[in-house]
Amino acid sequence: MTDVQDSPKPGVSPTNTSAGGASVRLEGLVRSYGKVRALDGLTLSIEPGEFIAFLGPSGCGKTTALRVLAGFERPDSGRVLVDGKDVSNVNAQKRDMGMVFQSYSLFPNMSVLDNVAFGLRMRRQSGDQRRTKAGELLELVGLGDQAIKYPHQLSGGQQQRVALARALAIEPRVLLLDEPLSALDAKVRAELRDQIRQLQQRLDITTVFVTHDQEEALSMADRVCVMSSGHIEQVASPDTLYARPTTAFVAQFVGISSRVPVQSDGKEVVIFGQRCPVRSGGTVVSGPADALLRPEDVAVEVDPQGDGFITHKSFFGATTRLVVQVGEIPVRVDVRSDAGADMALGLHVRPSIIARDVLVASRTAIDIPSED
Amino acid sequence: MAPFFIYTGVGLGVPIVYILRNAFLTFQGKFTFSNLDLLVHGIYLKGFENSLLLSAITSIIPGILGVFLAYAIVTSNSAVLKRMVATASAVLANFGGINLTFIFIAALGEGTGVITVLLNHIGLNPWNHGFDLYNFYGVAFVYFYFQLPLMVLVITPALGGLRQSWREAAQNMGASNWRYWRHVGIPVLMPSILGGVLLLFGSSFAAYATAQTLTLGTVTLSPIQIGDTVSGNAIAGEANIGFAIALGMLIVLSITMIFYGLARRRASKWLR
Amino acid sequence: MVTVAESYFFENEEVGPGETPVKRRRKKYRIWRLVVLVIAGLYFLAPLYAGFRFALQNDSGKFSFWAFSSLPSEQGFSAAFFLSMRLAIFTALVELILMVPTAIFVHLRLPKLRPVMDFVTILPIVVPPIVLIVGVLGSAPLFLKESPYLLSIFYVVLAMPFVYRSLDAGLSAIDLRTLVEASRSLGGSWIRTLWSVIMPNLRAALLSATALTLALVFGEYTMANLDGWTTMPVWIAQFQQSDAHVTLAASMALLVGTWLLLSLIVAADRSQSRRRSRKAGTR
């Protein structure tokens, strides 16, 4: 399991330490609150300069993991290593990581400039020195002209940019972001997303980004760590995660999947009358199982003798999403809109698999926990 | 809307106007400054000084203590404690003036006070060490009983407004506990603390019942002096001095509440 | 005021998603906090203990409920009690009739007036009873001066800050505009809306406001005394010359009564808000 969950950043050898970021290793982290296991033996290695997203529904443990890394929570067992050094017993104050909180973390009694300079002040830099540095960072996030304003005079997006500048001012080797965009509206969110990513790449800081929004995670990160119930489901690059999910949870949480019951012999399944190889890399299942199909894995042809018939149709611009009822199973299928134009509700179609292999999971009723 | 404004306008306006008018009149109705003149001399001036001093003592000290007490309560993990304290603060802050007098006499009365007797047994009788319930400082001591809860009531929402993320951000930036309080916590709380102290000041300055029943008029305080003129204990020829004192009190209280309003405004800007 | 305070005692921890509530403080703080609480507890409980001790003794110093039981029959007690009761009820009624529509109106139609209201509700603090009575006694017409209800009129003014604050908090907690619009769009008249929709949701705030008014009237000494009316507090003060035990019994009874009343309100408010949030499906 450890091998699968811990796949390193593609193309980077583990001993490569860039000047910017530190390497981070979380080892066997366990943290319980009463009966709830927030972290269940979490182990993960993060490369220097890597941008990794912790993605998952509420309560999956992603924020807890971040807070343990930051030093705000002590794990019941396990270690946190930064650049090979065990920092598990080091106070949050001394860990030298920059953190951006979800909202309202700027000190209201200080100007924006003083907020950004705060970390430098704690490090006893001289007034001039820190004001200059703070000014530079504000320029970096595009708020150079707001230096004398107070937090309550800024918009949510601006505040988060200041928070980012503040975290970066201390030149941390690890940058932590706890759902920084969740409280902002869509347009601002999109802008900031790009800004954060660009900044991070420029400065080459190891970055951990916690979010429940898969769009954010997939578009920003080098690797995405999908979590549920305190453990890691899969860690991989965004495209791998999407195209080759290794667990049912990932398949259903990232993107959309339809579950189709099949019989598996471990190597092959028969689905829609076709033989398809089972995708390697996941747990091997034999006997009754569920195939998880992405809408783009399936094609349909109009056929009066076909097994399926169209029950829903939604126009998405370039593609049209159909829901095809095959027996008792609704299967979501994406077709090109020009082809889809001819497909009316109630029409009989013949579904077929066009993916080269199919993800097969055991037939337990695993549902994605609903997001509160 | 209109009924409200009319009612309040008349209810407050008429007495105030009357006071304003009469402060400048003699008993016979002639315009004069003599009342004001009296006010800034002699015992009436002393009354003002004492009242201001008493209010200062019973606003600053309970103010500071109240912050610590409120903090101790807010950070506790016991829901029971918090619930009890919430009700207790509300009850005690509104505790009628005279009732306070009587239970304090019952507790710390010179010969018969329950607590006095207890302390006497262990040789710590406060009366033997200069304590006097019925003098100026005795009154101050009794005032603490309703001023402290009032401060706790006022400052608790402000303490609650101190976001956890500020503290953690400060920690993350390398600040120790003390430095967090020094740079963030206390500055943010300051407008609320000031507001609380001002409110306490006003509350103490205006208090009559406790002081009157406790000292029976022996301590020179402005409210008591006003009461004397009303109940006919005034000196002849100084009949309208009561109005002048009342006017003086109105001025002091107005200034206090203006600053209170300013403090509250600043507080709400930061502690949104 | 009680409900506002209580809510802050509990909702003070801004627990965002993923944040954990205030956790274990280090040993050092726990001791310090304990010390503070114990000292404060002693200071506040000692006089109460003394009061009860005194009230539960008879003249020869032995434990007895005599002071309490003889209270109703003491000279002047009933008269004073019922006078206070009449004044309290009258004050509460006028207060509510005046303030409830006003508070609702401001919330609904004139939110811009809120700062004005905040200011006006601070005014009674600027004009305390001792000052007010001086002005009143001079300016009130004779026919009013012959009635104790003159006091009531001004008690309404004195209670205003607390009542408004309480109603304001209660109105802020419910989505007034939506409720009213829903009711009106379904055909409800203003009176109906007020009675069946708004008031039930304001139960806790109304109770709180009424209780505070009652407590105020039963505890107000300054104006009553100087106006020459023997309300409860005045009676207690006068009676102190005769018998300290009975006096204290009255004081303690008042205290306990107020405490009970406020506790009930807090409990009612908590159950109402719990019901409300359960219905809305929030945490």
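Per-chain residue numbering starts at 1, and chain names A, B and C are given in the order in which the chains are listed.
Here, contacts are C-beta pairs under 8 Å (C-beta built on N, C-alpha and C of every residue); 3 or more make two chains touch, one makes a residue touch a chain.
Remember, it's a predicted structure, so these values are computed and weren't measured experimentally.
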Nearest-to-centre chain - CA centroid comparison: C
Taking each chain's C-alpha mean as its centre, the one farthest from chain B: A
Centre-to-centre distance between chain C and chain B (centres being mean Cα positions), rounded to whole Å: 18
Chain centre separation (chain A, chain B; CA means) in Å: 56
Separation of mean Cα positions, chain C and chain A [Å, integer]: 52
Contacts with 2+ other chains: residues of chain C: 16, 19
Residues of chain B whose C-beta touches two or more other chains: 163, 165
Residue numbers of chain A (touch at least two other chains): 102-103
Chain B-touching residues of chain A, taken from the complex the two chains share: 70-72, 91-94, 96-99, 101-110, 118-119, 121-123, 152, 163, 166-167, 170
Of all residues in chain C, those that touch chain B in their complex: 1-2, 4-6, 8-16, 19, 22, 25, 29, 32-33, 36-37, 40, 43-44, 46-51, 53-54, 98-99, 101-102, 105-106, 110, 113, 119-120, 122-139, 153-154, 156-157, 160, 212, 215-216, 218-222, 225-226, 233, 236-237, 240, 244, 247-248, 251-252, 254-255, 258-259, 262-263, 266
Complex contacts: residues of chain B adjacent to chain A: 163, 165-166, 168-176, 179, 183-184, 187-188, 269-272
Complex contacts: residues of chain B adjacent to chain C: 1, 3-4, 7-8, 11-12, 14-19, 22, 68-69, 72-77, 79, 81-83, 85-92, 94-99, 102-108, 113-115, 144-145, 148, 153, 156-157, 159-161, 163-165, 199, 202-203, 206-209, 213, 223, 226-227, 229-231, 242-243, 246, 249-250, 253-254, 257, 260-261
